[in-house]
Amino acid sequence: MSQGFDLRRIDRRIIFLLVLIAVVWPLIAPLRLPMDVSPPVQRLYDRIEEIPAGSIVMLAGDYSPDTMPELQPMTETFIRHAFRNDLRLVVACLWPASPPLVERALLPLAEEFGKVEGVDYVNLGYMAGGTVTLLGMGASIPNTFPTDYGGTPVRDIPLMQEVENFDDIAFVMEVSAGTPGTREWVQQVQSRYRVSLGSGTTAVGAPNFYPYVQSGQLVGLLGGLKGAAEYETLLEYPGDATKGMDAQSVVHALIVVFIILGNIAYFAARRRERAEAR
Amino acid sequence: MGTLIWTTIGAILTLSVYSFLYKDNPFYKFAEHLVVGISAGYYLVIYYYNFIDPNVVTPVFQLRLGDQAIGFGSGAWWLALIPGLLGLLLYTRFFPRVAWVARWSLGIYVGGYAGLGISPVMQARVIEQIGANALPLTSVTNVLIVVGLLGTLAYFFFSMKHKGILGALARVGIVFLMVGFGASFGYTVMSRISLLIGRVSFLLHDWLQVV
Amino acid sequence: MRREIPLAITFLIGVFMLVDFFVPHHGVSAAAEEMKQWGTIVIAASILLGVGNLIRVHFRKIRRKSDGWGYSIMTLASMAVMLYFGGPWGTIEEGSAFNWMFLNMQVPLQSTMFSLLAFFIASAAYRAFRLRSAEAGLLLIAAIIVMLGRVPLGQFLTRGLPEKATLPWLTETIMAYPNMAAFRGILMGAALGVMAMGLRIILGIERSYLGGEK
Amino acid sequence: MERTCVALAVAALLTVSLAGTAGAQEAPVEEALLDAAPPDSVAPAAPGALAARDYLDSNDAGDKIELDWELSPDDGEGSCDVVAYRLWRSQSASSPGELVTELSPGQTHYVDQNLEPGAQYYYSITAYDGTNESAPIACAPVSGRVNLFQTTRLSILVLMAVFFALVLIFTKLAERGAELFVRRIPGLNAIEEAVGRATEMGRPVLYVPGIGEIDNIMTIASLTILSHVAKITARYETPLIVPTARAVVMSAAEEVVKQAYAEVGQPDAYNPDNIRYLSDAQFAFAGAVNGIMLREKPAANLYMGAFWAESLLLAETGFEAGAIQVAGTAMVSQLPFFVTSCDFTLMGEELYAASAYLSREPKLLGGLKGSDWMKVVTIALMALGAILNFMGFESFVNWFQTQ
């Protein structure tokens, strides 16, 4: 009993070390663990792939810093997707906190893909009014957002010359943390103007919106960090979401292994004790 | 630059706390005593500015200036004095002869919240549960819920010996409790890992800027 | 007398708050609101008791030079600094020194201590989940299923299987039924405990919190 | 057709919503009109009859009024230029008073809130096309009725009465000396063993009353248990360390422990330095308690009361320090962690039962018996509800749907 290595008395610092490695490693070098893509994410991706290059798509960022960990990866991946497929991008936000968050993802990516502000993309910033603003965009986007985030009159922006209302938008990606958000976009915009609409929401919020996916009002839905990770997988660009999910997968697996080891040790020891008892 | 300094401080403190995982050590002791001191000062100040000043000091003094401003948007100015006095009463415990007065404020506080707590608890955890669990045993899931609930409640029977039917039910209850505990243990792992990921990316991204 | 007055107060306030829940009349709810506010004030005022205790304990440690007294100086010093920055001559606005110290020292310290749980939850699992008995087995199996079912890996492991055999499905089922049933039971029992205790407090039967008999 | 109608309406509505905002936005407003609806000078037809009544007759504070009206003929059809309904409220019949709100086309219902209870109000409504407003449609003056009882909560009151009755009856019986059995609660005996062990080892006992405020019933229960534990440690002259996260709990704990030591005739053994306030900050507190565990090496750690995420931080460190650990909480989310890392755990109601059990006061035991019977009542009601539901009488269960 006393002699020999006893797994039950394994120094828990070894466990701590393994956990640390399991978390740090994927963050530094993405593992790209196999990930099954759920249908709503696949459909979203396929729909965007169908859009002919040069078309104009819209990103509606409706979230605030507290939900960034979950939603920012979606914003980044969508912008990357749009730029990769040479789609032109219009950003419009119903949440005051969103424009800077979107900007944070937009500018580096624009640089990476050599996109020109005002020609390939424009950030219209934030407009108050929620539903009223959405209806306004249905009539005239330039009138609803008179100036862009930088203060430039929208009528003077080249890209916006081609955008009057939703008829000119091939696809809308709504990244939403609450209200006004996905529900308003479906009820006010999708149902009225038959816009092709996709959405990314927090894991908590997602269940409320799957019905819209069933009914086809949403072409697809990204639910929480997992949805974002699946989207990144499809884009073959492992970002923060993938890294996060990788780390989660590894640690969860690691803990399961710990549990199994612990039990092997436990039974081995019990057998030994029985043997000694005899 | 300023941010770099603060980030570095934050990083050093973060590492000092993690050093605890190896063993108790001066860095951890430092971090521990630091945070205790800071939070003590923090709460002292915040409690004053957020509660005492706006709700007691300001109203009372405003009145003295002849302003009609009053307590918490209701009642008369002296209403603002009452909580102030109640707060002061707590300190009578340092004067043995009147120490017992300190119980008045405690009485008000505890009694008030005891009364306040009862009805919502009755509503959310008993009444609405009756509605939610009045399930005909027509589906597997309903059976699971009803049996599980009965068993757990049986386990919490105190005034009878756990024998016979009650004993059997109580054992079922334990089974459900164990499954429940195991499940929510596993369910919590994810959020705890996220916390660690958050700190690690603070170290790697914000501080070292390697990823 | 010394005991009766506080108990009488407790009773009156308790009953009033109990009634408030059933009476939509604004007069009642306004009064109740006011009293709730009083509660928060009492608590806020009490913080000085706590800090006083903290100072006393550490001061004695320092005076007696009992081991670790150096750290006690740390505690008192950092508290003094916070009080200095936050005092009447200081400010607690965004960007103030007070705010900076909170954001860059207390917040990281606290969230790091919180994140220690990632390690402890692993070591606890390793140690505690042993097949000692049938019950322990259930604990263990439920935990493993849910742990795997929550991550892409789990989804991957059971790909291709009929939906009702996949880990994600099992996870949701366990969370939605046995888990929920058990917790409803605990909550319901606990609720009765709370209400009985609450009643005893209001009636003055339960008075331990007032410092036992006297 | 429907499309353009909305477009017109919206363009005009923009003139409403943007008018009066920064000068920079005035130009686009003009354009909006050019692009969309040329402003006509004809007011839309007025909406149909407006009806106002006290809201939800019996359960509000009399500060809400419910309004219904019929659509204007020009809403969505006719000249199709209604962009908003404007609802006006006044204290006198003569003036239209103040604009309450603008409602988008198609709506026919609104609940006006935060009114002065019992006061009389005159409402009128108009249709608006962005420039012209129809003639107002008024309705009879109305006032919210102040209510004294929330009928949707009747079921709560009834069951509460039943429960209190049960508790009081059994308490009385107990006082009359009726013998009440209470099953033994394993965790409780464990407490005594733990303290005993600490004494043998000549090491202190650590008692953490949770981080709940004293208004949390779990904390009160914990203080009751504390007074019991303190009596044991006083007899054994074992040091008892009580770290707290709330100042009021700290001072209450001081009273409790001091009293307990006095009761067993050991007033001098009481050491005020062992009842400590550490920090209101959750993890600062947890960190400091961990420090105590590792440096003052208590042989028994008792966690009783309301715990949140810090539960596992404490219990794992305590285990590593080799202490016997007994926990007790009704905090469902933390039970799994205590159960897995402590030697014994008082689960949920057991925590409250413990205080009664320890005191052995018949009064308190009566409460336990009452709770048990309440369980029977609830189970019976659920069964009954299930049966009635099955037979199609939902009204019984609906009675338990409260607000």
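We call the chains A, B, C and D, going by the order they appear; numbering starts again at 1 in every chain.
The rule we apply is simple: a contact is a pair of C-beta atoms (placed from the backbone, for glycine too) under 8 Å apart; a residue touches a chain by one contact, two chains touch by 3 or more.
This structure is a prediction, so every number in the text was calculated from the model and none was measured.
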| item | value |
| --- | --- |
| Most distant chain from subunit D by Cα centroid | A |
| Pair of chains joined by more contacts [C-beta pairs], C-D or A-C | C-D |
| Separation of subunit A from subunit C, taking each centre as the mean of its C-alpha atoms, in whole Å | 32 |
| Gap in Å, rounded to a whole number, between the CA centres of subunit D and subunit C | 15 |
| Inter-centroid spacing, subunit C versus subunit B (mean Cα positions, whole Å) | 3 |
| Interface hub residues of subunit A, defined as touching at least two other chains | 12, 16, 19, 23, 248, 251-252, 255 |
| Multi-chain contact residues (two or more partners), subunit D | 153, 156, 160, 163, 214-215, 217, 220, 248, 251-252, 255, 278, 280-281, 283-284, 287, 295, 335, 337, 339-340, 347-349, 353, 368, 371, 375, 378 |
| Shared interface positions of subunit C, touching two or more other chains | 21-22, 39, 42-43, 46-51, 54, 68, 106, 109-111, 113-114, 116-119, 121, 123, 125, 127, 129, 139-140, 143-144, 147, 150-151, 183, 186-190, 192, 194-195, 197-199, 201, 209-211, 214 |
| Residues of subunit C touching subunit B in the complex | 2-3, 5-7, 9-18, 20-22, 30-51, 54, 68, 71-72, 74-83, 86-87, 92, 98, 100-102, 104-106, 108-119, 121, 125, 129, 135-136, 138-147, 150-151, 171, 174-192, 194-195, 197-199, 201-202, 209-211, 214 |
| Residues of subunit D that touch subunit B when the two form their complex | 153, 155-156, 159-160, 163, 180-183, 185, 214-215, 217, 220, 248, 251-252, 255, 278-281, 283-284, 287-288, 290-291, 294-295, 333, 335-337, 339-340, 347-350, 353, 357, 368-369, 371-372, 375, 378-379, 381-390, 397-398, 400-402 |
| Residue numbers on subunit B that touch subunit A, as the complex places them | 21-22, 189-190, 193-194, 196-198, 200-201, 204, 210-211 |
| List of subunit B residues in touch with subunit D within their complex | 17, 20, 24, 28-29, 31-32, 35-36, 38-40, 42-43, 90, 93, 102, 106, 109-110, 112-114, 116-119, 122-123, 126-131, 133-138, 146, 149-150, 153, 156-162, 177, 180-182, 184-185, 188 |
| In the complex, subunit A residues that touch subunit C | 10, 12, 15-16, 19-20, 23, 33-36, 226, 229-230, 245, 248-249, 251-256, 258-259, 261-263, 266-267 |
